[in-house]
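Please go over the structures that come below.
In the two assemblies presented below, subunit A is common to both, partnered first by subunit B and then by subunit C.
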Partner chain A sequence: MALDEIKIGGLGASRRRVEDNRFIRGKGNYVDDIVLPGMLHMELLRSPVAHARIKSIDVSKAYDIPGVRLVLTGEMMAARNLAWMPTLSYDTQAVLATDKVRFQGQEVAAVIADDPYIAKDACQAIVVEYEQLPVIVNPFQAMESGSEVIRDDKENQPGNKVFDWEIGDKAATDKAFAEADVISKMELHYPRSHPSPMETCGSIADFNRATGKLTVYMTSQAPHIVRAAVAMVAELPEHMIRIVSPDLGGGFGNKVPIYPGYVISILASILTEVPVKWIEDKTGNLISTGFGRDVYLQGEMALRKDGKMLGMRMKTISDHGAFYADAQPSKFKIGLMHSAFAAYDLPAAHLESVGYYTNKAPGGVAYRCSFRVTEAMFFQERMVHAAANDLGMDQAEFRRINLVKDDMFPYRTAFGFLTDSGQYGKCLDIGMKAIGYDTYKAEQAEARSRGKLLGIGISTMTEPLGAGNSREYDILGIKMFDSAELRVHMTGKAILRTGAMNQGQGHQTTWAQIVAHELGIPADDVTVEEGDTDTAPFGMGTYASRSTPVAGAAVAMVARKIRAKARKIAAHLLEVSEEDIEWELGRFYVRSNKERGVTIQDCALAAYSNMPDGMEPGLENNAYYDPPNLTWPFAAYFVKVEVDAETGVWDVLKVVAVDDCGVRINPMVVEGQIMGGLTEAYAMASMQYQTYDDEGNCIGSNYMDYLLPTAWETPGFELHEVVTPCPHHPIGAKGVGECATVAGPAAFVNAVVDALGHLGVRNIDMPMMPNRVYEALTTGKDISGMPPVKMGD
Partner chain B sequence: MTSLYDEVQAAPGEGVPTRRVTIKVNGDDRTVDVEPRLLLAHLLRQGLKLTGTHTGCDTSNCGACTILFDGRPIKSCTMLAVQADGHSLETVEGLASASELHPIQEGFKQEHGLHCGFCTPGMMLAAKALLDKNDNPTEDEVRWALSGNLCRCTGYQNIVKSVLWAAEKMRAESK
Partner chain C sequence: MYPSRFGYESPKTVEEAVALLDAHGGEAKVLAGGQSLVPMMRLRFAAPEMIVDINGIEDLHYNRVEADGTVRIGALCRHEELEDNPAIAKAIPTIAAAAPLVADPIVRTRGTFVGSVCHADPQGDWAATMTALGGHIVAQGPKGKRDIPIAEFVIGPFQNTLAFNEIAVEAVIPAPKGVRVGNYLKLERRVGDFATASVAVTIDMQGDTVAYAGIALAGVGGRTINANEAASALVGKKLTAENIASVAAAVAAVAEPRTDHRGSADYKRQIVKTFVERILTGLLNTSQKAA
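Presenting the complex of A and B:
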């Protein structure tokens, strides 16, 4: 008889996680836990200044320290053609500085020693003479004529501009504005934020001269991309490079790029012929690795009096730091910023984006988001909030009028995306009920009469998760598909490998559930492996919520290939033709006699012991999955706050999250992802940001200055679920890991701005620290992040 | 005897001072020779091979390195190994017996109190310090007790539930 899918840990089971068994015992295997025989330790010397010409580097005193084996400088890297490396956005990045340092924290030299303490000592003994240059810390300084050119290493570099890019229909948008009754404007700064996983970056490079093989254990969310890049940069044959990502202590996009430390450790191992370990300290991680955001956004919305959106003009000015190292699909210069307003029935839109180099850390990674979608959706929901107020309409009602209706799918957005499914109105209704929206206006008025400032913020969005398809999405030319390989052993147990890379999402648990769903093999019988490029099939890794949409689909597809072969074996075992065979979970049976059947385990045994004549033995296969479209989850978040009128401190009274991410493989894990995302949203809204002083000193360079919320500050969350299956995904799932980080921040800001709305406050830039809120409520003025945004026209 | 220098060379470099430290770790007596500047977290991780204690931030803000020092939670990344001389330490490796998990470990698994697992050992030890004193804490008491430990994945709600789950089990077991 068919198996109970929940009992075997199939789709929909809140199966407890397999990986927890090692983590709760302290038996995880993170990079820093790995010890190789004869291993040396590497430490980086970083630039203390943001912009300077290097006049000289004297390493002699470092060599005086016992235990120092090697000191590497830019000059030595240059001699091996490794002083510069390509970034994921077709720019170049210095590995060790040769000519100039371009941001504080840039890698200047590396010491390889017997012990990490000795390596640190030796770094202090290196003498570098700098000739300081003017420092540029924001795009407005960068764009000034006559400003210092940061990237003087590049030929034909036009000032400090990185790119100039546009998308959308300008003429149609102009027409919409000509016909508008009301034009509403918004401008804001999405401050720089660092993903800041608990574990920093690190690597152990192990070059074996005898075999010619290079093995690198490293903190990478995309080990196969690293292998390809190392093959290109280090000119080593790809089959002699093995990249292993062990357990990762969080990623959030920070561990997608290839960092100088990895490359230097590789060269150091080649030169010393022993393994070299590099473990970044927290300051190194915060001041030099991939940040998120740092975009100035401005725009205006054309509206009809009755509340209908007609058109949207949007402009972004982004700060990319010293090297354009955004990790994003190559066709798009500012990620998927043009996914803004995808949830709304917006007839026309146009986006202009311009990016600049500054003397700040490079990056622009997709920090828990699908390539700049966080900035897009934050701006969208701040713009929508302002537009509703300008029209004098209720926030929920304005959204309801303009959200894409259920019967409009598939829907082509103004920027050209195709959204394919959702029940936006239903999500809105559930959230309104849960937050108590009906009685809220009266409650707010009553509270104001007592001097209390209450506010509710709404944020609704759909976001594009799960790149590719391969027609439009590639990184460095490699198409954004993903892969899975499934081998069923003769006793019906199995091993599954994918090209994704878990960093807390629970793949070891959830991928097995997809196999259980497709084959009826209990999830406990399926081992899942990822992260070793010698064994895992080629894949693009885990970021941008792409694991379930792409690799998860590949898991389902490879299981279906296995089932197709097992069906032939079943026909052979049951001595009937394949057409007379039916499938129920875990079992094939004869259509005319349901009692006569064989289990998937019977078929597995027969694949090795009793195959039909002419059939290739074994029961294994692989699948490369190229998704036909992105997946489009929908989220409606509601936040209720109370602002203290005396201090500007705001307390979160309630958070309601309604998520429609299609079919949920493991509801417990999905909810965990949503709560984690909401917390990062709260963090960015309240305290978490990175700023620089005029000299380019990174202020948020450690956890005393880079504030992250603890269990004490973080509010509780109330979660609700709507399921609209994705029409093109094999099991109907959509991405979800980042929805809350993407749409959450606007809900918090909208709530505080709503609380202060009667004072005329339109915007408070994040983070809404009490001093900013206090200034807003005492002056009634908007609080913008420095420097002020200038309208380009 | 275990020395940090076992990893890389036979003896400490010339002129490097060492101090003998005797500590009890998870019930076992250990004697080690260490450089006076060696951090306790590094002694545990590299010297004693107890890699369940993680170092996250180097500034005692994140709590990934939390261990119990004579039963009190401390951050081992900002304590010198020599300061532990004569003291009793408990790390994550000491929570479970060979056959049985500690209720806190069970709670974290049952209530999905971890994602990447990096903060988990420190969280569990901070929780143990609380539950050893108070086996029936309120949600606020749990949140306050864990406020020296950062997690970037979970949003804390399930961590709090995990600790409350453990408290309930510990109360039931002590009856």
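Presenting the complex of A and C:
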């Protein structure tokens, strides 16, 4: 008899997360938990100023402190050709500053000492003389003619522009605008935010002179890419480098890039010949590592008066900080910004993007954003909200008219993506019913009569998850496929390794469920390992919601290879030909006699003890999976708020989230991802942003200034599910990890703007702090987070 | 956390603690709850030579309401001990209202009332509350104890008038002149955030007439804002909508807010005015219901 899939922890089982057992008992194994014999400790000295020439660095007083073993400066790195390193976007980044510091928090020197206290004391004893330079804190200052050139280290870099990029059909878009009845406009700033994972970045580099092997324990979401990069930058042979990512305390894209601290710790270990540990402090993490957003978006939509969208023009101006270090598919300069409006039947679109250097921390594609899809969808849904209002149409009705219909798939978007599946209208309906949309207009009017401001915001979107296919997606030329390797032991237990890297997604739990689904081996019998480049197959790591679409597919594919071999073994054991064998979950049987069968465990034992003549022993294999397309989940989010007219404080009354991410491997894990993402969406909308003063000081360098919501503020969420399987994924799954962070913020902003709509307010830039909302509701004007410079045409 | 090197002593009596402070001539710091001192040491904004940990002095761990209504809060009384405390709630409603709004629950289990007053943070809840209540601090030094009225104790941002060798051992709130009512409202961007604006109001009622009115503000100036003079306009009068509106406007006028990322000066004044109105209107409604 076939096994009960839910009982063995297969697809659809809300199996408790295997990893939580150790995490909640304090038995996780993070980088900082690792202690190696003779290990030294490294601390970084960071620049207190945002832009300055380094006139001198005096480290002599640091060496006076007992316990200080080594002090590294940019000059010493330069002597080894390590002062600069390549970024993931074909730029360069300073490892330790030599000529200038270009943002507050930039790495200037490193102290290696017997303990972290001594290292910190010694950092304070280093004397650096800075000659301050004009500071550029936004792209509008950066683009001014005659402004200070930040990257004067680069040849052919006359100004501060990083790139100028466009996509779409300009002529067709112009034509749509010529034919439009109504043109609606939107302009906004998506502020800079930082992922701030609970665990900061860190590494322990352990170079063994005797064996020539370098082992680095580090906080990386993509350890295999790091190995390749270290091989190229440090000129060490790749087989002598082992990168180990142990448990990660969150990532959210913050742990994709390669940071100076990692590189310096490696050199320090090579020079001292003992392991060197570097653990970044919270401030260091917040002010120097990969951030998200910081994009100014402007656009206009051409509309027919019956509500049909005709065309869309978009322009983005992005702030990349001092180094263009965005971790994204190399072909696309502003990530997948052109995924905007993919859910809508939009005939023509054009996007123009310009990026600039500023005296701020580098990064740009971190924080659960699927390569800038966060900004794209936020702008999309703010634009859609404004367009519906400009047409005098209902928000839900306007979306219904323009969302791609079920029978239109596969649908080619105006920017060239191919969406393949979904039931957008159904999701909209479920959400409207759950939020009480039919009575809300009356409710809103009644509330206004009591001086209460009530609003509902909607956000509907599909986003491209699971880069990539190798035709379109690579990072520095390495194609964005992924991998899995499965070894079934003779007792039918198994170990699975993938090229992805868990950082909270629950891979240990969910990958085993895919194996259970494909092979009938109970999920509890499958060990999952990731993150050790010496044992796991090469993969591009975990970010941009790509694990399930890519590595998860590889898991299914390798399990199918195992099943194919097991089938031959089963035929041998049952003494029939392979063609006469049928499969049901966990068991092969003879077609003509269902009672005669062998289990997958029987086949596993036979693979080591009784294999057919001529068959290679063992039951293991691997799979590299190059997805044919991205996966396209859909989200329909509804938020209902009430605004206090005397203070600008807004309370969330209800949040409804309808998600269609195809087949759910573990519904509980999916729901956890959505709730986490909605929390972050609420955070962006309400309080969480990083800003800089005119001198380039980061406001948001600690958790009193950089606000993360607590359980106290965070509203409850009502979740609903629709399942439209992905047509090309082996188990029909779509990515979901980032849906709520991406689609969520616009639902909150749309709700508050809806509450204030009758006062003439069209936009309040995030975060919608009470003072901003109060100003909007008392003046009836838009509240912009932009600097007092216009974007121009 | 990697603070600078420091010495540590854990005295068992106030006298020993005072002697240690005296011996280190201003380079020692008292550790009670540590919720401000320790973060400053972590960031190396503070690097005291010596930490005098008074947590072992059990005699300082109390809060009590005396027969005449005077309230005494010892130096080791944690914020959370003033939350859900029926005796305190009856004696000083403003403290009961403010206690659950102090920082976050983690801080409240360690941090102390007296320590917070000593810290004199312009955004501190207890310095404002004590100012509205007109209490005093009992300081103990080598020559014994002295009382310092709160207005003479908190004299500026992070400035109190303790001598280097004195410890604030107790906060004292005087007995009410009638039936004491009050409330505390705070606008913060998130639990644990510094206040955008906070308003502490305490009123002693004799019948339907105000016998004492104290109001103080936090977050709206470079120091704790003492609005008791503006509040005193209510004394001898009844709480009416008209009186409430005029006091709210007067209190907002004495605030000294600055424009920053929490909002403009005008916005903060608006919050102060709204909160004073809401608190006093709430007290009026409650008293009308009771009557």
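A few remarks follow.
The criterion applied here is as follows: the second predicted complex is superposed on the first by the 789 of 793 C-alpha atoms of A that agree within 3 Å, B and C clash if a C-alpha of one lies under 4 Å from a C-alpha of the other, contacts with A are read in each partner's own complex, and residues count from 1 in each chain.
FYI, a residue touches a chain if its C-beta (ideal position, glycine included) is under 8 Å from a C-beta of that chain, and two chains touch if they have at least 3 such contacts.
As the structure is a computational prediction, the values presented were derived from the model and not from experiment.
Judged by the touch definition given at the top, the superposed model places A:D33 against subunit B, while subunit C stays out of reach. Touch criterion not met for A:F538: it reaches neither subunit B nor subunit C. When the shared chain is aligned, no partner comes close enough to touch A:W583: not subunit B, not subunit C.
When the two complexes are overlaid on their common chain A, residue A:Y117 makes contact with subunit B and with subunit C alike.
Contacts of A:P197 after superposition: subunit B is touched, whereas subunit C is not reached.
When the shared chain is aligned, subunit C comes close enough to touch A:P770, but subunit B does not. Of the two partner chains placed by the overlay, neither subunit B nor subunit C lies in contact with A:F163. Which of subunit B and subunit C touches more residues of subunit A is settled by the count: it is B.
Of the two partner chains placed around the shared chain by superposition, neither subunit B nor subunit C is touched by A:F409. Contacts of A:F177 after superposition: neither subunit B nor subunit C is touched. Residues 117, 281, 283, 702, 704, 708, 710, 712 of subunit A touch subunit B in one complex and subunit C in the other. Those residues of subunit A lying in contact with subunit C across their complex are 116-117, 120-121, 124, 281, 283, 646-649, 686-687, 691, 699, 702, 704, 707-710, 712-713, 769-771, 774-775. Chain contact summary for the complex, subunit B toward subunit A: residues 4-5, 7-9, 13-15, 35, 37-38, 45-46, 49-59, 61-62, 64, 91-93, 95-96, 101, 105, 108-110, 112, 114-121, 124, 142-144, 146-160. Every residue of subunit C that touches subunit A in the complex is listed here, in rising order: 2, 4-5, 43-44, 104, 187, 189-194, 196, 261-264, 267, 270-271, 274. On the subunit A side of its complex with subunit B, the touching residues are 16-17, 19-28, 30, 32-33, 35, 39-40, 66-67, 114-115, 117-118, 196-200, 247-252, 281-283, 503-506, 668-669, 671-673, 675-680, 702-704, 708, 710-712, 714, 716-717.
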